[in-house]
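Sharing a structure here in structure tokens format.
Order of writing sets the chain letters: A, B, C and D. Residues in each chain are counted from 1.
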Amino acid sequence: MKSKKWIAMLLAGGQGSRLGELTTGLAKPAVPFGGKYRIIDFPLSNCTHSGIDTVGVLTQYQPLVLNHYVGNGRPWDLDRNFGGVSVLPPYQGKDGGEWYAGTANAVYQNIQYIDHYDPEYVLVLSGDHIYKMDYSRMLKYHVEKKAQATIAVIEVPWSEASRFGLMNTDEEDKISEFEEKPAKPKSNLASMGVYLFDWKLLKQYLIEDELDAFSTKDFGKDIIPKILGDGKSLYAYRFEGYWKDVGTVESLWGAHMDLLDDVPGFDLNDPHWKFYAGNANHAPQYISAEANITQSLVNEGCIVHGTINHSILSYNVHVGKNTIIKDSVIMPNVKIGNNVTINNAIIASDICIEDYAEIGSTSPAAEITVIGDAENISYVATNEKSRIK
Amino acid sequence: MDNVIGVINLVNEKQYLKELTSHRCLSAVPFGGRYRLIDFTMSNFVHADITKVAVFTKEKYRSIMDHLGSGKEWDLDRRNGGLFILPPTHPDELIKGDLQQFHDHIEFFNRSPEDTVVISPGHHVCKMDFQEIVDHHKDSCADITVVYKDFDGESVDKPIYHKYSIQNDGRVKNIELYTSPEQGDSVGLETFVIKKDLLIEIIKTCCENGEYDFLKDGVKANLHHLKVNSYHYKGYFPFIHSISSYYKSNMEFLNPELAQTFFYDTWDIYTKIKHEAPVKYSITSKVTNSLVANGCDIEGTVENSIIFRGVKIRKGAVVKNSIIMQKGEIHEGTYLENVITDKQVNITSEQVVIGDSIPRIVKKADVV
Amino acid sequence: MKSKKWIAMLLAGGQGSRLGELTTGLAKPAVPFGGKYRIIDFPLSNCTHSGIDTVGVLTQYQPLVLNHYVGNGRPWDLDRNFGGVSVLPPYQGKDGGEWYAGTANAVYQNIQYIDHYDPEYVLVLSGDHIYKMDYSRMLKYHVEKKAQATIAVIEVPWSEASRFGLMNTDEEDKISEFEEKPAKPKSNLASMGVYLFDWKLLKQYLIEDELDAFSTKDFGKDIIPKILGDGKSLYAYRFEGYWKDVGTVESLWGAHMDLLDDVPGFDLNDPHWKFYAGNANHAPQYISAEANITQSLVNEGCIVHGTINHSILSYNVHVGKNTIIKDSVIMPNVKIGNNVTINNAIIASDICIEDYAEIGSTSPAAEITVIGDAENISYVATNEKSRIK
Amino acid sequence: MDNVIGVINLVNEKQYLKELTSHRCLSAVPFGGRYRLIDFTMSNFVHADITKVAVFTKEKYRSIMDHLGSGKEWDLDRRNGGLFILPPTHPDELIKGDLQQFHDHIEFFNRSPEDTVVISPGHHVCKMDFQEIVDHHKDSCADITVVYKDFDGESVDKPIYHKYSIQNDGRVKNIELYTSPEQGDSVGLETFVIKKDLLIEIIKTCCENGEYDFLKDGVKANLHHLKVNSYHYKGYFPFIHSISSYYKSNMEFLNPELAQTFFYDTWDIYTKIKHEAPVKYSITSKVTNSLVANGCDIEGTVENSIIFRGVKIRKGAVVKNSIIMQKGEIHEGTYLENVITDKQVNITSEQVVIGDSIPRIVKKADVV
């Protein structure tokens, strides 16, 4: 058995409580995105294109959907003989199972898994960002800088900087200070949640951190500050390109809208960097004689009789006659009746919207309306107009 | 069905579809926005849990091989069973008939532990339930079961179909080869269920006697001493035997009810996955009564048309009553009507291309 | 997504405490067998040959080795797009993880997994038997008998019958009574631990049994008696052929010896029913000029300088000069020095046996000697003769 | 190595191994008890993390295709990269040279984003560290790096090797094509590292000028205006160019030290998995100084021999100084010495087959 140069550990345990009803029964990385994908498809596809063929997916909540979705890893080319993708729920010790206590603890609990591949480097990724990134360039940078740990950073507007974990760096981009959401930012280089470590170093810190009763067992809060405090060689890798955290309803909606620009901030259809998705077999979409679709992304499996403007329809969405959908995201398997109006909304998977429903508001000040899981919201069939929210 | 081998027999294919079959075999012709004809039979096998499938290819089978690959999309990349592509072993010789090629690969049959074989061509657009047909075959204790349908296609100007006379009890009384059927005639769908041992015996005996046609020499010649039964297929089935009937049967899927029942209400049709993004409609796009597949980028007008994967339709372009196959690009200000463009066609800007009742075909990778 | 006719649930959670040191750090189904395989290869290969392409492996103890071994399922042809093999550790609810409380509870906890495939039948298998069985014949029998549950049985000698769960049947092989290890057997039809259920029926009983505070949540002790008590249609399917429980050191050793008969009780090399194994790539074995091998099975990767009689050498076993091995089982990656004697023993994986060691006894009355995990027993290099046990 | 394409070039293969290459190409010849020659190069690519490998086949490549399959065993069944088998596109024409075939598949190179190509033949038994060679290539800023070795093989009676003159700084000064080398001569191993863009340029320019040989027209002709550097390979490498040298290099692996260092102390050699049981030795078996692969059933005597997978050696049979390829069966009381039996040979009972210093070959599936 050979060893691997590097492997990735993907933190897919987030409950995504800020996504509200969209994550009931679903881990955040399994949330649908872009009409065809789930969020986890983005880091997984990035791994494949970067030449990483071994990915441990650390799950916690509701792993069944992710388990079935990831399956044997084939859609992402991760069905490897040695390596490939593995879903890793919390380890069951002899005394019963324990939750992962934090991101660092999640990786700590899988030291044995990682050591099986004897990697030189370990890339730690999050499961809640939309971006296209060639991690192999980051590795090259890491090696060139003789770094022991490298954190990918992106310049954010100064006005928003205080929402992020920020790196203060010297002129060589060596990190001198890390501040988690400081009130007065000294830097606008925000951590992207993409960390590259020499595995020997990381392992040692994980073991030490585990013994530290005061630690919250978190990469950003504990591991990185400790490595930095010990004067290790820690570098910032500047990423240029589209990157978006989709951890809130607003950012999830916004990232969708970014796909609809004339020159989209983020191109899903780059032939050299395709994003892979599971369950990708659907019939072609049928656009009826009455339909009118502009500035939208519509996936296969859809049947559209209505008007779709500046919106995204995922697979197997049916849209009835005289229905108008604007500035909205419709997740998979949603059936929308006739004469419905939907504005500035996200409709979760498997929902059925009855005729004449009106969802969302056109007011620019209004929040994004979320219609959650089918099990939580039921629409009573009615001939009356029904108004939701 | 563990005990069944699926055979897709491309040996008897004719090049009905002119330019569309000039560089690919009939079964590899694109259909319905994102499929190849062979996908329908392949998916019917998947649906029936037939996990050992042999494709007997004849000529121009490269695109079939590319398309099927290792069989992954049909879950047929298996060590036990799975997909077997069995090409002609003597490419230079004229192939004398399907039995000859079965004979060249007789070891495939000999080595298989399965006891029943379903033979089907690779170019039928239909959802045939092979499980039901095999059950019918077994329940009736037939030696061979043939599948037929009442002819309801466009009239045929060449004698290319085989007519069956069926007795009341379902047995086949006679087979009339190479006819031009009338409406309502019982027309054979070149689909058979047969015991494997009997098939091997027919292959061997016929080839020894210099007979190489399964239907003529294996079935028709044996009508009297074998129990040849029939299965009456009544589902959707377009008879495709010309550019015109090919075009019409594509266009039939613009009927949303047919699309619904065919694509959604029964089992899935699997095809090669290409990981394209959803269709992108721009602010200027105007699409009505059309089927569109993923990876398309639509800025122009599309009416009553079928648009395959990865097609670009630029601003001001108009596509009407047409079929645009994969990766076509229709440039600014161009007008197409009653046209079939093959793969990777590039229609430059400000062109006008109009077909008549028989659509005009633009050949693969042509630039117009 | 289509539904499956049937799927298998493989109970692989046994700690195998009766196998002692052989299962330290290893679940019982992962114990090596036959020089090349692990025990789990037998039910998995049987599934593949029987046309079952979806297998849930219910693990409990030490799942990492099984996880890596099962991997994407490719060696067993179980790397399917829909279905295939999945390792299923106990489910982590919101309140943390719980052990599987019994065999029935293990399947109960995975009802959602099973329902995903909507199967008509579910086959429940154990992970500690060596046998070659075409389950599709059992299914055929089950359907013909219009059974709701079918239990595979094998005739055992009357003298041993009281060690088994026994079926009393009528002349149609309908089960009238089930007795777990009765003192006075009324039947010699022993349960093989292979159950076939109509899934709807089983699901109902699993749910009811889960609510029963007095139940031990076990198939043999709870589910089967309840189904029987309710007068359901329960049949015995008579299996003829080799079947051996390898849950004890003696039976594990005995099953190995069965492979060495002139006409072996159990043929590993049937071209129509190959047993699949992972990690099957090793160099050819090298048999030196001084070697002498008779009546033995020797796997690839071995280097043999000594005398091997009536024994089994697994892959990557090295045997030094003047060493004599008789009536023994050597598990993978064992290095045996020169002038060693081994009799009636099982040597666990990764052990290193120093020169001049003497292991085991030739006395017919002696127990089988087990040399356990490398981590537990260390051999100090010595020029003196060292005697173990 | 993410940025590297591996090319296995079978176009220049000669049929050195007579009967053993009469129905298969050289790279498909069995070797060392369970391998085919191509396994060594394939595994060297796997070891170097080169996950895009193109095999340019020439003739009789069916057994290579069967053996490599979808590339599963080498973990090369990938959507991104993986294994590409690129056969001659004009099977009827005489192939003019490797560059012609590279040209026929130029799209493969054009479409690949990788920037470096390693070219190797498919019949070398060696463990060459391509990672090290590519690093050497890049560190020395060479346009092309050629790999050579000091000749230490059996003397060659036909001029089949290429001799390199190497300067002190490692640059190649001259290449003498088709020579019979003396001991110690720097002999080319037909292994090259080259930038992809340069390779494409060479392919195009040469083919336009009617030149089709990579080494002669692409490397040698450019020695003066390209930086052609060299890598001195010093590892184990048998020069196999005749039945006699093939036989001897097989037998060398009966040296346990060589077997140990070659098979165990470095990286694994992958080959097709066949799921055979461990070797079964009966009470009458007597095996000494031999390599034996799985699936064998040994009741007789085996001495100084190499026994491939699935061989049966029956009671009283004696096999000495021989190579028995896969699925051979040697019956009761038969005596073989200095013999190579190809696949599936059946030597009936009480035969005596003896070769001399050049071993006798029993052809595939023969019954003797």
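Convention: contacts are C-beta pairs under 8 Å (C-beta built on N, C-alpha and C of every residue); 3 or more make two chains touch, one makes a residue touch a chain.
Since the structure is predicted, the reported quantities are computational estimates derived from the model, not experimental observations.
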Determine which of the two chain pairs, A-D or A-B, is joined by the larger number of C-beta pairs in contact.
A-B
Compared with chain D, which chain's mean CA position is the farthest off?
A
Counting only Cα atoms for the centres, state how far chain A is from chain D in Å.
46
Measuring centre to centre with CA averages, how many angstrom lie between chain C and chain D?
40
Give the residues of chain A touching no fewer than two other chains, as numbers and ranges.
1, 74, 80-81, 276
Junction residues of chain B, two or more chains touched:
72-73, 268
Sites on chain A touched by chain D in the complex
1-2, 5, 48-51, 53, 77, 80-82, 136, 272, 276
In the complex, chain B residues that touch chain A
32-34, 72-73, 254, 256, 259-260, 263-264, 268-271, 273, 275-295, 297, 302, 306-307
For the complex, give me every residue of chain C touching chain A.
1, 60-61, 63-64, 67-68, 71-74, 79-81, 84, 86, 89-92, 94, 96-99, 112-113, 116, 279
Touching residues of chain C toward chain D in the complex: what are they?
34-36, 74-75, 262, 268-269, 274-277, 280-281, 283-300, 303, 308, 312-314
Chain B - residues contacting chain C, complex:
2, 46-47, 49, 51, 72-73, 75, 78-80, 113, 267-268
